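In what follows, structures are represented as structure tokens.
Consider the two complexes below, in which chain A is the common component and chain B and chain C are the respective partners.
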Partner chain A sequence: MPISLKGGKERTMKLELHRVKISKLAWGDATSAKDGVLTVNKEELLSVLAGDERLTKVDVDFAQPGESVRILPVKDVVEPRFKLEGAGGVFPGMLSDVETVGEGKTLVLSGAAVVTTGKIVRFQEGIIDMSGPGAEYTPYSATCNVVVILENAKGIDKHEYETACRMAGLKAAAYLAEKCAGAKVDAVETYESLSLKDMPAPPTLPKVAYLYMLQSQGLLHDTYLYGVDVKKILPTYLNPTEVMDGAIVSGNCVSACDKNNTYVHQNNPVIANMFKRHGVDFNFIGCIVTNENVTLLDKRRSSSYAVKLARTLGVDGLLISEEGFGNPDADLIMNCWKAERAGIKTTLLTDEYAGQDGASQSLADSCVEGDACVTAGNANEVIVLPPMDKVIGEPEEANVIAGGWQGSLAADGTITVELQAILGSTSELGYTKLGAYTI
Partner chain B sequence: MVCRRLLVTNNPQLCPVVRSCVFVEGTTLDVLLRVRDHVHLGWRLLTHPLYGNLRPHQHLYRSILLERQEGSVDLESLDYMESALRIYTAESRRIMSADGIPEEHREDFAFVDYELIKESLLQYGMVTADGALPSGGRR
Partner chain C sequence: MSYRIVHYINQFYAGIGGEEKADIRPEIREGVVGPGMALKGALGSEATVVATVICGDSYFASNMEQASAEILEMMKQYKPDAVVAGPAFNAGRYGTACGAICEAVMKNLGIPAVSGMYPENPGVEMYKKSFYIVETPDSAVGMRKAIPAMAKLVLKLLKGETLGTPAEEGYIERGIRKNKFYDKLAAERAVDMFVAKLQGKPFVTEYPMPVFDRVPPNPAVKDMKNATIALVTSGGICPKGNPDHIEASSASKFGEYDITDVKDLTCDDFCTAHGGYDATYADQDADRVLPVDVLRDMEKEGVFKKLYNKFYSTVGNGTAVASAKKFGAEIARKLIADGVTAVILTST
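Presenting the complex of A and B:
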């Protein structure tokens, strides 16, 4: 059944996600998807990734659910998608031209993911365990992962290496999905959103928008919107379906637990659930994307501008999600109190750094108006990850990764770390296995 | 010459390329304390005192940009500094020191600290010139 923000047909933006379900990976002569198996022609995939002089070595491996496999240091995760119909292509401004996306038909290899690994900023990458206790904390233990292993050319700058890794992940994801364009589709999801002229419908429900905060602290800590570095933007309006086509791409080398990698943007559960509740609990007005810059001037400018946009859209409520922690807490709080004082109710979505004992201050900032907050958990909780039969990447990176420490890696391969080191463990978009449920 | 803007840092890579810099021989906590003192002396924060992604015990260097202002103490800056100091002092036993950290890791920390302040330095005209910036953050 379509998930729809129904309105005037001619103004409606409609996106169909054509899902091909993947539950297994296999090497083969032709890259294709059939009966839940994604077959990959390794040579062809490597040829797609070849030719980047910033990389001396590119290799590909598999990591599948339930296997005794550990991947580290993980840089990004990307879901394979390909535009079947409609304007533009996936990852606009990065891989495709800059045409606005979010309409037409997009093929999704559901259950598959491209994982990039490489030592860029060593203490700011993550761990994925495909089985054992660590697997319970990362959503990427449940995906069939095509792991792209990348080594940089000697002497290149870290930001060039990051760009090369980012592009390799996007290329691999687009290649895999494109090759499966003729595959049998298991499910079609339809998302429709309408122009503001036709909103709200129905008029009796409150109007709620999503204030989508994106990490933009500096090179290697950036996010891209249609290829534009988000720290250079003023907050702007985004149609939710644009995000599903890869309009937002992660360029982050930051703490693994709560960085919003590209996969989680593509599958943003806040957007998916706001679509579901549209017309039932509220009218979902759309997304306002904003940044998290370093200077206080930028923080004041962006928070004021984002709230101005919300007021212009006439919203009654804002759901605000953060990315990262520390000084972005100041952005979160400014967004909160400025909206509340403008008469807009807010709910905040964040995670916590409350110390290993959970007794420390969870957020760096607060305000009295922030009285509705959802947490994705305490990133400082300690976990012991038993040895795995196979490690893709560099196991000794556990000693320098954020959330680990010198001695985190034991001689037998056991790793003791805080959840901070596990990719997506406290995702501030809620794309995590941790949760509290009413029973 | 009276400087209007000032970088306070313990990152040895930064002072040589910044117009006006106070180098702090010490830890990240020492940097925060020095900045707090400056705020009491009439400076205000241009950049937030906390990193965007690392806890106090997870980084070696900290760099904060200040501006001299007219009039009384800037209470917003003081509030941010006291709040940051509460977070750092709560973990004071775990604050990193450069002793015993391999050169390669120190360079990573210095590089990231540089990358995170670079945009602000350019924005406020604090770097001598684009050409004077260290390539990839290193000199």
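Presenting the complex of A and C:
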């Protein structure tokens, strides 16, 4: 990765996303993008991923929209991006240097994705179907997926295997995008992270921030911010454009439906929609990132600190998104009532575990202040996934995956599981149209 | 084709009598009786009321199981496609009977059932999760409103049409969450709601915050020296290989495992079934989640009399509150029956 220390002189951080649209994958001699086709040189990609002693076997395959293909067990999804101009490189502190990102120009292979697979924690990897009923529930049935299949060396610990898989995904994504620098750009989008000083002066519009909760329960429930394990952070301020350059990377092995994959962080739809309303309905002053540690002490510390940041920034409202369920529900609720009692209006974005029959309480914690709540659906609802012509990975994992049970996989390849097992199906960054209502 | 419907009413609406006739046993008559006439009219040509079951409210209340079984048998002979019960308005025993019958019909005959009640009828709280109950006024004055609404709902169910919200369809909210695809991404819906709330405009939350049971812990055990202590966990500890196949998430069962003579949970014999955390450390030493080793030491030291010779285990990860409640009640029954004094609950 090239390292540039040329930070902007302006207070405003301006980032241009240069989108090269991809609608098809093909193998070829040179990795490049042209006329919507991403051509991949398999040997070269494998050579980029080679040399990790933690992995005994690395292979690459394609899965494209509409194909009768099932991928499982999936660990993460990453969008290929490459920094054309501006300080730092993509996935700072992880793949690139630690320099602050979020300004300049970033190339995006829109419509393409790197999907990493491997039996890491087994329970906590997910399913992607490229067609059929399951495809409607995962956003990754609509992307042209370069699937990286990763087998671990015998005897290594799960967390070492997770690191190897995480790094392989980032490397593959950065490699693909870098090789396409120079391709014809289909669209340019410009985003500006304004400094507080430059926010429109007459305070006619409310000031708002996004409280961005990151999974940090530990033991492979980890998320990284500039390479820092967010278990170890205090809540902090982040510009939305930094997220677009991969400042947040998922290291999660949790239930597939509501872990926020790296791809969704890069394309965070909350940030996208906050930008859309910025200057119209409110002034969006940026993100406060916080964690979801397991101890009560940590929960109290982080929620109080995050709300203090919001108060100091003078915000009138906080949109709060959760990651995961159960234990992190306590963090969500604490953030909610602490903000509300400080006079800050909140809206919550979460998902539900209401049981297969939908008759149980959907959250593990509750407060009266949580009167504005959007959910991405009940993860316990059961779905039948008919057999596919091709399975990349190991179908029998369906019997042990979170959301599956002994017998989930039928002899003919049909899989009956809860939506929980489908990657990104109840995305708590709100990346799907799924929701729930009460009958 | 016309759908076949069996109607259930009580002795009062059948014109047999009031309280003095409330103990009459169930009977079935061909065609419509009492309010069945209005139901017939509301159903039009799409469905026919083929028979009416009549039962006394007191008889049903005192013989619920037997009466339900008898009534189901009677109904079966008429090969119904659906059952309509009531409306019961605010009559408590009648509402309960309608609820019990409809629940049994859904469960045993696998066909739709619909009733109508006033929201405060006790039958609502008892049975609303099992089937659709149309909201009615509190007395028979509301018959003209109730019957068409019930007819409309049962026809929709028979045709397999997707039902809208309680407000749209006129049924009492059942408290059941159903998924659906909205027109907008959840993120966009959240920002819409956020803007409405900021501007003080009306908005409807997608999920009203739940209300929980808060269980006060029992007072401390006074006589520890003579106490039998049990271990129960939602951390998924089980014999190696997870013989009962307890699910990694959304558990449908709990396991009962004998630890007579077990002094320490070793990695040769025990592991975890839990899918919500990295199992590495629990698999290395399951005492980290279920501290049998420490409790055996305390038993030896005489801190308490005995460690109960079984432990109960399930997986808390994504498991529905209703399932957890059921497991808890069953486990507690077993522990009480075996004279356990106190239980240590470990989670993860």
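Rule of thumb we're sticking to: the second predicted complex is superposed on the first by the 421 of 439 C-alpha atoms of A that agree within 3 Å, B and C clash if a C-alpha of one lies under 4 Å from a C-alpha of the other, contacts with A are read in each partner's own complex, and residues count from 1 in each chain.
One rule holds in what follows: a contact is a pair of C-beta atoms (placed from the backbone, for glycine too) under 8 Å apart; a residue touches a chain by one contact, two chains touch by 3 or more.
Everything quoted here is computed from the prediction, not taken from an experiment.
Overlap between chain B and chain C is detected when the two structures are superposed via chain A. Looking at the shared chain after the overlay, A:231 reaches chain B, while chain C stays out of its contact range.
After overlaying the two complexes on the shared chain, residue contacts for A:292 are found with chain B alone; chain C is out of touch. Of the two partner chains placed around the shared chain by superposition, chain B and chain C are both touched by A:402. When both complexes are overlaid on chain A, the residue A:240 reaches neither chain B nor chain C. Between chain B and chain C, C touches the greater number of residues of chain A.
Shared-chain residue A:372: touches chain C; no touch with chain B. Looking at the shared chain after the overlay, A:432 reaches chain C, while chain B stays out of its contact range.
Judged by the touch definition given at the top, the superposed model places A:356 against chain C, while chain B stays out of reach.
Contacts of A:328 after superposition on the shared chain: chain B is touched, whereas chain C is not.
In the overlay built on the shared chain, the residue A:273 is in contact with chain C alone; chain B does not reach it.
Of the residues of chain A, those at positions 121, 123-124, 157-159, 217, 219-221, 254-255, 325-326, 353, 355, 360-361, 380, 400, 402 touch chain B in one of the two structures and chain C in the other. On chain B, the positions that touch chain A within their shared complex are 45-55, 58, 65, 76, 80, 83-84, 86-87, 90-91, 105, 108-109, 111-112, 115-120, 123, 135-137. Chain A meets chain C in the complex at residues 121, 123-124, 136, 157-159, 206, 208, 217, 219-221, 253-255, 268-270, 272-274, 276-277, 281-282, 316-317, 319, 321, 325-326, 345, 347-350, 352-363, 366-368, 370-381, 400-406, 418-420, 427, 429-439. Contacts from chain C toward chain A in the complex involve residues 129, 163, 165-166, 171, 173-191, 193-195, 197-199, 203, 205-212, 245, 247-250, 252, 274-281, 316-323. Per the touch definition, chain A reaches chain B in the complex via residues 121-124, 157-159, 215, 217-221, 231, 254-255, 259, 292-297, 299, 324-330, 353, 355, 360-361, 364-365, 380, 400, 402.
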